[in-house]
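Two complexes follow with chain A in common, the first pairing it with chain B and the second with chain C.
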Partner chain A sequence: MIKIEDLSVAFGETEAVRHVNLDLVEGEILGVVGESGSGKSVTALTLMGLAADTARVTTGRILFDGVTLREAGSPCDKRLYRSYQGARMSMVFQEPMTSLNPTQRAGRQVEETLRLHTGLAAAERKEKVLEAFRAVGLREPEKVYASYPHQLSGGMRQRVMIAMAVILEPELIVADEPTTALDVTIQNQIIELLRKINETQKNAMLFITHDLNLARRLCHRVAVMKDGRVVEQGPVEEIFRNPKEEYTRRLIEAVPSRMERRKDIREVFQEPVKGDFRNTKEEYTKRKVAVSGAEERTSQESAQSAAPVLEVRNLSVYYQDGNVSFLSGDRKNWQGERLSLRERLSGTKKEWVVSGADFEIYPGESLGLVGESGCGKTSLSKAILGMNCHIQGEIRHHSIRPQMIFQDPYSSLNPTKTIGWLLQEPLRAAGALDKSRAMTKGDMVAAAYDMLRKVGLEESYFSRRPSQLSGGQRQRVSIGQALITSPGFLVADEPVSALDVTIQAQIMELLQRLQQEMRLAYLFISHDINVVYRMCDRIMVMKEGRIIEIGETEEIFEHPREDYTKLLLRES
Partner chain B sequence: MGRTFREMERTPREEGGSWKDRIPWNKYFLAGLVMTGLALALGILGLFWTPYSTTAMSASEKFDPPSLLHIFGTDNFGRDIFSRVMKGLGTTIGISGLVVLFSGSAGILLGALTGYFGGLADEIVMRVTDAVNGFPSILLTLVIISLLGSGRQNVIISLGIVFVPSYVRIVRSEYLKLRDADYIRRARLLGVKDVRILFVHILPNIFSVFWVSVMIGFNNAILAESGMSYLGIGVQPPEASLGNMLSDAQGYLQAAPWYALSVGLSIVWVVLGFSLFSEGIRRGKCE
Partner chain C sequence: MKYLGKKTITLIMTLFLVSVAAFLAFQIIPGDVVMSILGTEATPEREEQLREELGLGDPPAVRYLNWMTGVLKGDLGVSYRYSKNMNEMMPVAELIGDKLPVTLWLAAVSLALIVLVSIPLGVLWVRSGSRVLDAALGVITQATMAVPSFFLGILVTFVFGIILKFFAPGGYISYQEDFSGFLGYLLFPALSIALPKIAMTARFLRNSMLTEVGTDYVRTAYSKGCTKRRVMYVHVLRNAMMPVVTFLGMIVAEIVAGSIVIEQVFSLPGIGRLLISAISTRDFPVVQILILYITFVVIFVYFLVDILYRVIDPRISGK
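Here is the complex of A and B:
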């Protein structure tokens, strides 16, 4: 039904897509798999007639049901496309946040499609939208209809997007990474939904993803793309069982699998901590006291070989909710207590997001923290790092200035600075806080070069700026920045989830290598169970602000006690 | 490839390279550069040398139309208009520059502090700027001038005060946005001192936004200064300023249309040139 013949697309001089041949028959789901920059999205956008005007088709053509939609040399025929878009082909985008208009109610936006392509009356249109909402599994269609996008969760928004895409029962649906921005459990529901739609509506589906595992679960056939070319194409199981191309094999291997469990690093380090005491005086004494106290304790707990770098005792974290009116005296707070006079006077109440967290982290250890988004993972980590002071309970650090690796490598580096400057800044800051740690300029530059090498970047990166680096390279710089003051303890908040699979594997390797070299303790936050399995010694499962299970990785994976843990494990 | 899109979004232009590579050679920039450059050169030159004295009157040369001797003609006192325009350009551009410098730095300071720290000080400063914004700006300058008296220095002060709120708002909103950026969070985690975060870590990131408002502010300052001098509350005669010259010229629209025309077009020239210049910078290299 869809035929893409020898398609090449170029932006100026650079070719993004090179001689791609794809075809799709009715009722078939074709997965297009590749890393960022492989040309998979450009192919899809060109097929949909949505590619930027600067994109030129240099060879080949696109056929839809025998009609030529686009041909080499001729510009995009907007008129022709308009008669196809929406009615006969539609698209689901990656970002459910940005693909819906924030100023319009969800129902209206879906209705828009009907208004453009059908002659239905207003009441019929609404009925049809509600029907579509029900079909995509939105439980309260009336409520969703009247909601603005920001009032809906990510999963709900994506369902609205899908409803919009399928409401006219198009013959072709292009889904561009529809689940990448979503949680694992939601991801699965969306995949199921797409499968169900495909079965009932019998439309052809082009599923674009960087995740081979997802493609395996949904698609009938897959095409693997690299550098704008299709390197391999075939039935999905066949590709998985005997990949012909080296690249495909690498992609399959890069997906973190439970088979490759990491070596237990704690076995490597059995001797007690010798901390780095270069720090301010107060912190020094605090730490010293804490360490000696901890040593006494651990001598009794023979199971652990060293004093913890972090102890968290009965920690609760709350936010000030500013929307309390003075008159709302009958409102109850999170714990079911009546609002106090003080809360009513100040117009704020406490919204508890983490309650009763109790754990410790030992040197050289990775503690995984898993749970769905909104379960309090990030709030907990922020509290630990002192970025949120609304806490109750106790946090005791026995490391100096613990650092953090952020999820998004595109926003965690100051875009106006050079890499060298960024790597030296932690040293400058440490020097400014404590004169005894001050270093000469030359030493700092040397340390920065040293760190560049350590995180696997060439020296030439020293004078570059973040915008000239890829996501993986940025994450390396980010890690270097966190480690250059040798903090001993790091919080890694989804450090690989924004990266391509092969890059993910490299970054995880780097983190593990550095952990061994520098004897780091990690608090590793992730929603990806497989990543956690590969990285962590112990795992902590969080649900609705509470830590419901904590234990050795193997233990959790083989004998999960809680139903929720089982669910998480099954979903991934 | 979603991620690469994001990458494209977030890196509108390649940074790095020497400043020479970063000059946006587009037609807006070029036209603006030529026009502003000429005005600026004439203005600066006018401070030291003019073809004729700007105050010397000559009854015999009253209302001479433009000629090779007096290319903009002469005014009601027989003074050379071109010389006076040169002098006026210098006055106007100088005053506007100082106004922008004053209000811009005050705006950065107040905006940075309020945006980054928030709290009570933020509340107070914002309400004050609201109050200032509530008055029509010309009324407010009138009030300040009537308190301080007219004259070059007081024009700068009053316009500076009136212009501060717009900068505070822009700078504050940028700081508010960036204060929660991951890289600023990291800087805090590293223990970087607040002052350093404010002016070393954040400030360079708001320059692109700030620069645009400085450009607009400069143009507004030129118009405002001309307006004030036109109304007689700005630079006082016999000192030449584009505004008070325009006010003089108004009386002789019939007798000497070139007077009003040459002065008015000079103002248009400066403002248009500067607009084009800033537009060229804003568009950057891609066009």
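Here is the complex of A and C:
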């Protein structure tokens, strides 16, 4: 029904999509899988007539039910497209947070599709929208109808987006990474919803994702894209069972999976280590003792063998909520404690986001912290690093200058500075704080070059700027920045979740190598339980501000105690 | 409600501080009011008498209190300069009450021009996508912004008054006599005020909209089959208005406080001209009240802008 024939799309001189052939029949879900820059989104947007005006179709054409929508050489016929968009073809976008207009009520935004394509009266339109809301599993359709997007959760917004896309039962739905921005439990609900819609409405669906596993769960067929080309295409199970292309195989392998044991890393540890780290093996053994000892801390031996780098005792973190009125009758906080006069006068109350966290991290250990967004994992890590002073309880550091690696390597590096400057900055800061640690300029430059090598970048990167680096390279710089003051302890907040899978694997490898070389302890935060599995010795599971389960990685994966942990494991 | 209370308290405190500052300032400025009123007719007896009449004999704190209680009761004092007739001095309230409508109407007409022209212009600018129009509007707005307002006033007078004869330059028509004639006359000074502001607002709106047109929700709107025009007016405009509203607020505060230059050029008897003459003749009661008025206007307009924010962007009040 939908045919993309020999499609090439170029921006200026660079070709983003090269000779792509795809076709879709009624009721079929085709997955387009590829990493960022593979051309999958450009293909989808061109199909939808939403690509930027600067995008030119240089070869091929797009056919929709026999009608040529777009052809090489001719510009996008917007009038023709408008009669299809929303009515016969629609799109679900990646970011439900930003894809809805923040200043319009959700109902009105969905209703607009009806207003544009049908002659229904206002009351009928509203009834139809409410019906669509019910169909996508929104429990209080009236309330959602009158809500602004910011009043809805991420999952609800994505349901609104889907309602908007399916309300006129279009023949084609293009879903561009519709679950990437959502928590795992929500992800599955959305996938199920898409499957249900596909079954009832029999639409053709183009499902774009970077996640092969996701494609495997939903799609009938899969096309793998790389550098603008479709390198492999076929039924999904066939692709998984025997990938013909080297690239497809790499993609499948790069996905962190529980099938893959962490033995490879352990084996590395067993090998004699070169350089200054002769005693690593000993330390590793010691560490193992310490880790297992953590569970029965009465053991004398463990207390002697290794002191933790970080102890957190009964830690609670709160934010000041500025919405308390002095005059209102609300004189108690949610824990039922009376608000103090000061809290009432200043119009703020404490909103607890983490309560009663209690754990420790040992040298050379990776402690994973998993939980869904909003569970308090970032608040906890910020409190540990002293970036949030609204705490109760105790944080005891036994390492100097713990550092942090951030999630988004694109926005966390100052774009106006060179890599060399960025790497030296922590040294300058340390020198300014403590004159005895101040280094000469030459020493700092030398340290920066040294760090470049350690994180696997060439020396020529010293004078480059962040915009000239890829995401993976930038994350290497972030890691270098965190390590240059040789801290014993690092907090890594989702360090790989903004990266493509093959790059993810490289960065995880780097983190593991550095951990072993420098005997680092990590607090490794992630929503991706498979990444945590691969990286961590022990895992903490967090839910609604509390640590509900903590234990050795294998133990947690094989015998989870809490229902929530089981849910997390099952869903991902 | 709580928000309103907070704002009111801020307003009162600011007005109080400004009133003290204004009062103190005129204690420090050199020159004796009594002497300047009496001029050559000064004799020690008359000086003494006038000083008594104006209450200048009391210590400053007492005078401030007297003045302030008067203001709070609605008695704004009397002008040192203007007199109603031979025996009576001109109350400040009456003096300002006479001039205020001129300034307020001038502001209203200017604002209407600014909003009605700049918003469609800004949208058109973004919507057209034509390079020629883009460059032309760029040059025109730049030039309009750069011309000083007094010169623009002269230009408008020359073009519309002398060449086209749409109005009689200098022939101000009082609003008490002929209201529609008054508005007709105001159109031209309002145009002189509005032109550079239209250019600035249109530019502002264009830039603000350009940052919005690349956002995800705009793409969503197109994916539903919206026309470009609909996307611009229904989706983009409201989101792009935030910075523009701030800017419009600044403009309103400025013109409601009295456009000194334009009132001068078009010989309009408004607040701006009154302020100038009151300052140059040391008519302190008038100046003090005008300062309080301007302060009040500025704060009140910003308060309105704040309210508008909440109307435009539901996320603000939701927090």
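Note that the second predicted complex is superposed on the first by the 525 of 572 C-alpha atoms of A that agree within 3 Å, B and C clash if a C-alpha of one lies under 4 Å from a C-alpha of the other, contacts with A are read in each partner's own complex, and residues count from 1 in each chain.
Here is the rule we go by: a residue touches a chain if its C-beta (ideal position, glycine included) is under 8 Å from a C-beta of that chain, and two chains touch if they have at least 3 such contacts.
Model, not experiment: these values are computed from the prediction.
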Partner chain in contact with A:Ser38 - chain B first, chain C second, else both or neither: first
Touched partner set for A:Ala429, first chain B, second chain C, both or neither: first
First (chain B), second (chain C), both or neither touched by A:Tyr533: neither
First (chain B), second (chain C), both or neither touched by A:Gly86: second
Contacts of A:Thr103 with chain B and chain C, given as first, second, both or neither: second
First (chain B), second (chain C), both or neither touched by A:Glu95: both
Comparing the two partners chain B and chain C, which touches a greater set of residues in chain A: B
Partner chain in contact with A:Tyr318 - chain B first, chain C second, else both or neither: neither
Shared contact residues on chain A - chain B and chain C: 95
Residues of chain B defined as touching chain A within the complex: 1-7, 10-11, 14-16, 181-193, 196, 201, 204-205, 207
Interface residues, chain A side, partner chain C - complex: 48, 50, 53, 78, 81-87, 90-91, 93, 95, 98-104, 109, 112-113, 116-117, 148, 150-151, 161, 164, 323, 325, 327
Contact set on chain A toward chain B in their complex: 34, 36-42, 94-95, 176-177, 180, 208, 385-387, 401-404, 406, 408, 410-417, 425-426, 428-430, 432-433, 463-465, 467-468, 471, 481-482, 485, 498, 500
Chain C residues touching chain A - in the complex, by the definition given at the top: 2, 129, 215-217, 219-228, 234-235, 238-239, 312-315, 318-319
